[in-house]
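Listed next: structures, encoded as structure tokens.
In the two complexes that follow, chain A is the common piece, with chain B as its partner first and chain C second.
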Partner chain A sequence: MQQQMVAPMLGKVIQVNFSVGDRVEEDDEAMVIEAMKMETPIFVPCDGVVGQINVKIGDNVEEDDVLAVIETE
Partner chain B sequence: MIEEFSSLIYTTGFLYLTPGMIFMWLIGFILIYLAIAKAYEPLLLLPIGFGIIVANLPLAGLMAPDTGLLWKFYEYGIHWEIIPPLIFLGLGALTDFGPLLARPSLIFLGAGAQIGVYIAFFSAHLLLGFSLQEAATIGIIGGADGPTTIFLASKLAPHMLGTCAVAAYSYMALVPIIMPPVMKILTTEKERKILMPKARKVGRLEKTLFPLVGVLVIVLLVPASAPLMSMFMVGNLFRECKVVERLNLAAQNELLNIVTIFLGLPVGATMNAQNFLRKDVIFIFVLGLFAFIASTGTGIIVAKGMNLLSKTKINPLLGAAGVSAVPMAARVVHKMGQKADKKNYLLMYAMGPNVAGVIGTVTAAGIFLTMLK
Partner chain C sequence: MRPYFEKMADFGTALKKGKIKRGEGNESLIKEVEKKIAAAAEGIKQLGLSEEKVNARGEMTIWQRLNYLVEPGTWHPLHTLFNPLDNEEGTTNVVDGIGRISGKWAVIIGFDNKVMAGAWLSGQSENILRVTDMAKRLNVPLVWLVNCSGAKLSEQHKFYANRRGAGTPFYRHAQLNQMGIPVLAAIFGTNPAGGGYQAISPTVLFAHKNCNIAVGGAGIVSGMAPKGGFDTESVEELIENTRKIKSNPPGSARVHYDQTGFFRYIYDKEEEVLDGLKNYMRTIPAYDPEFFRVAAPAEPKFAEDELYTLLPIDQKKVYDFDEVLARLVDSSEHMEFRPDYGPEIYTGLCKVDGYLVACIGNRQGYLGKDYPEYADYPGMGGKLYRQGMLKMNEFVILCARDRIPIIWFQDTSGIDVGDEAEKAELLAIGQSLIYSIESSDVPQMLVLLRKGSAAAHYLMGGPQGNTTNAFSIGTAAIEVYVMHGETAAVAMYARRLIKEKDSQKPLKPVIAKMNKIVSDYKEFSRPQYCAQVGYVDEIVDLGSLRRYMAAFSACVYQNPKSICPQHQMVLPRIIKG
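== the complex of A and B ==
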């Protein structure tokens, strides 16, 4: 099973806390997006392993862009 | 020799200093300190603080009618209604009405937060004996909109302009401290966790038409809001039409920065010892704070009222974003929502009532002007 982690709002990615293959837990802080001059942490939606990361630091993302894919067992 | 020396002393300012002036310097230094060390609204509190200090220097005459430099800035910039509307031009170019258009019903929250303005207005007039004009100027502080406060004060109560502007900007800087307790008391943990349904996408056509339709409707309804509202909407049209990018950028960067300088200094300079050191001042600050709290509260209560009437529940925290301190009020709402539920991202939803609050405050000021001038 896969679960997508989507951007809840538009903004700029300023921090990515894991890389592909890392084991993550629900509600871990995954990334930080900056919007309206405020840093908003984005949290992991479910337990699993990071299968794919689609953004890097400095990228501008739109709402609903898929930021990463989490593989669940 | 000694006589010449002593007459020279009389040309300096030292002998004419009064305790009131020195006290005003202190106020100026405090504002400058808060601006630099704590980053409290530095773009405004810094020039305001400096304006206070230089306006309280004897013999300098910076605020002397007809001749003083800062008097001229004040008279031709603020009294002639030039600078606050130009600020609004820049704000219009900076404002994205997308979040509001995505959920137009949120405009009620922007209006709801203005109820606090009227509560403070009636309290100031009925309980504390301020004149109607003064009470309106104090009430508008609750709208959390600096240029509107200055605009209204210059029309209704010029002697209180400096104090009200400083109160408005100080409380705006304190939004992250003032608002959360009010929001916490008025909402339950469960309400704060409410996730908002996905907002629809707003197209370019809608965004371009909004300033045109908006200015027609609002100025027809409240003609006295025209100076601020028309500049706000033309700025927004610059932004959304995408063909005058140069004007858009000039309005939101260079022009806004320039007029900010010419706004802060004379606003500070209106604060001389006679104007400021009166017992009213304490009431202005207390009532201003009260207006701010009341606006936050009424916004939330309106949001809860909407939840009673409609099937889709909205997060009542969004009501607090109707306080038009853009975007600080929206940020506070977002942080509080995320504290209740990590996956609750309210920021963009909160921008809707937030920008509606700006329109609401300008409209409230227009209504005061129509009735009291």
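== the complex of A and C ==
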């Protein structure tokens, strides 16, 4: 099973807290997107392992872009 | 209306593991600021003579008097760090707050007799006026502990005269009396001139046997005829006169009890004077809390201490306002008004200590697709848009109609700007909200959670609403400024930078000026500064916000000037639909 982490809004990625293969828990802070002078944290949607990260620090993202994929057991 | 209020909708969620972990650093940062504020407050408490010295003279200190007078656990200090003119004493020399005496809430204020025997100092009249206005807005008694040696004569030019100068509180006392709000005064020590009027202007006077009150003190009587200066002969004469008068200062307690009868009561011991106040407070009109409560008082379901995790001190970080509010109101229950409209603003009815209160606050973070509806850019909480401002207008109007007091929670960066915002009428809708608040005539309180900025600070129940805002408290995370320092630096120097660049001049001097603006904005917006100049009336620990909300609610419902029967309220029914 996979769960996608999507960007809730357009903005710039200013923080990525995990690497591919890391074990993560639901509600861990995975990334931070900066937009309109505010930092919006993106939380891990479920327990699992990071299967894919599609962005890096400095990337501009659009609303609904898939930022990462979490593999659930 | 029991079905409406006894059990409202639950809100808030338990903190998850990750959130708790992330909040640890935030908690220590906030507590560090709170510790500094507490240390500054303790420093002010210790100013002047020691307790031992004052006691050795047979007097109690202001703090001992307050401890004796106010019911334990009910003291809510205000204006602790207030010293707007930054006088050298470090205090306005009055101590004030809200507290309960003999079961009745009152606004309480007293002179700090440890510092220059309670002299008038610069900034003091502004402090007193805030306090008299608070009694007026809350419609509760004002209790004075008078012990005022009169003006600090070397600095009279800073406070004696002027529209809001040292004489203005006497007019306010007259105003309170005319409104039926009693001003009770316990009188201690020597109170000449200004001190005399501090003592005579209240409603009922309770005197200690050693006190005096007089139009002018011994010093004035002995040296009243100006001769263009002083010489040896004239000061010898002055010495002789002063010796005579010192032993018999004018306006003794005996004169004003036996002869004029100004003093209603006279007591041998200071404690007895305070007991006299307590006895009178028992007779003050007040409704039993049950008269207005809509439900039994209940603690929030979630711990108030979790606010240290939830409210980020880092201004750039977003958070969930609803989670904050759920930790401040009874049972973590509410009735939200128009949840599907104006997503940047929370409006809802909640209970505090069983009393019905209206809450309004800024929601934070991304506001979702297609909002604001009038523009093609994304909306971000903290800012105000058309729907949110219209919603606040409607809510305030309905609260006024139903006589429900309002608690505002502010964390706002301002109102949306640009041509789209202008076309959406935000300028006028904002001022309309000010009009709605001003015409509401319901008591209001502001909790400044984090940012108070731009005109949004004014129109979201800010202290600028002099007749509606009873008092404002702020957290250790607050920042108050017209705009962010960097935004201000850009506004001031962007064109200058272009000019320097085009004429090939060095940019560094301009950059230095811009950075000075940024650091000034930081310095002049921090919590301690905000409290010192009076942007807020007190900085309050996150763990004590609810106490202040409860004290506000209890004051408002103690003896309200106007009532809406609960079964005739329309707002709860509009919410229910």
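Just so we're on the same page, the second predicted complex is superposed on the first by the 73 of 73 C-alpha atoms of A that agree within 3 Å, B and C clash if a C-alpha of one lies under 4 Å from a C-alpha of the other, contacts with A are read in each partner's own complex, and residues count from 1 in each chain.
The definition used in the following text is that a contact is a pair of C-beta atoms (placed from the backbone, for glycine too) under 8 Å apart; a residue touches a chain by one contact, two chains touch by 3 or more.
Treat the numbers as computed from the prediction; the structure is a model and nothing was measured.
Undergrad: If chain A is used to align the two complexes, do chain B and chain C fit next to each other or clash?
TA: clash
Undergrad: Can A:E63 be said to touch chain B (first), chain C (second), both, or neither?
TA: both
Undergrad: Tell me which partner touches more residues of chain A in the superposed arrangement, chain B or chain C.
TA: With both complexes superposed on chain A, more residues of chain A are touched by C.
Undergrad: Output check: A:P45 vs chain B and chain C. Expected answer is one of first, second, both, neither. What do you get?
TA: first
Undergrad: In the overlay, answer first, second, both or neither for which of chain B and chain C A:E25 touches.
TA: second
Undergrad: Between chain B and chain C, whom does A:P8 touch in the aligned arrangement: first, second, both, or neither?
TA: In the superposition, A:P8 contacts both chain B and chain C.
Undergrad: Going by the overlay, flag which of 44-52, 224-232, 386-394 or 548-556 in chain C ends up clashing with chain B.
TA: 386-394
Undergrad: In the superposed view, which residues of chain A touch chain B and also chain C?
TA: 8-10, 27, 35-38, 40-41, 43, 63
Undergrad: Touching residues of chain A toward chain B in the complex: what are they?
TA: Residues in contact with chain B: 8-10, 27, 35-38, 40-41, 43, 45, 63.
Undergrad: In their complex, what parts of chain C are in touch with chain A?
TA: On the chain C side, the touching residues are 16-19, 22, 314, 316-318, 364-366, 369, 378, 380, 382-383, 413, 484.
Undergrad: Touching chain A in the complex: which residues of chain B?
TA: Listed in rising order, the residues of chain B that touch chain A are 327, 330-331, 334, 338, 342-343, 345, 347-348, 351.
Undergrad: Touching chain C in the complex: which residues of chain A?
TA: Within the complex, chain A contacts chain C at residues 8-10, 25-29, 34-41, 43-44, 63.
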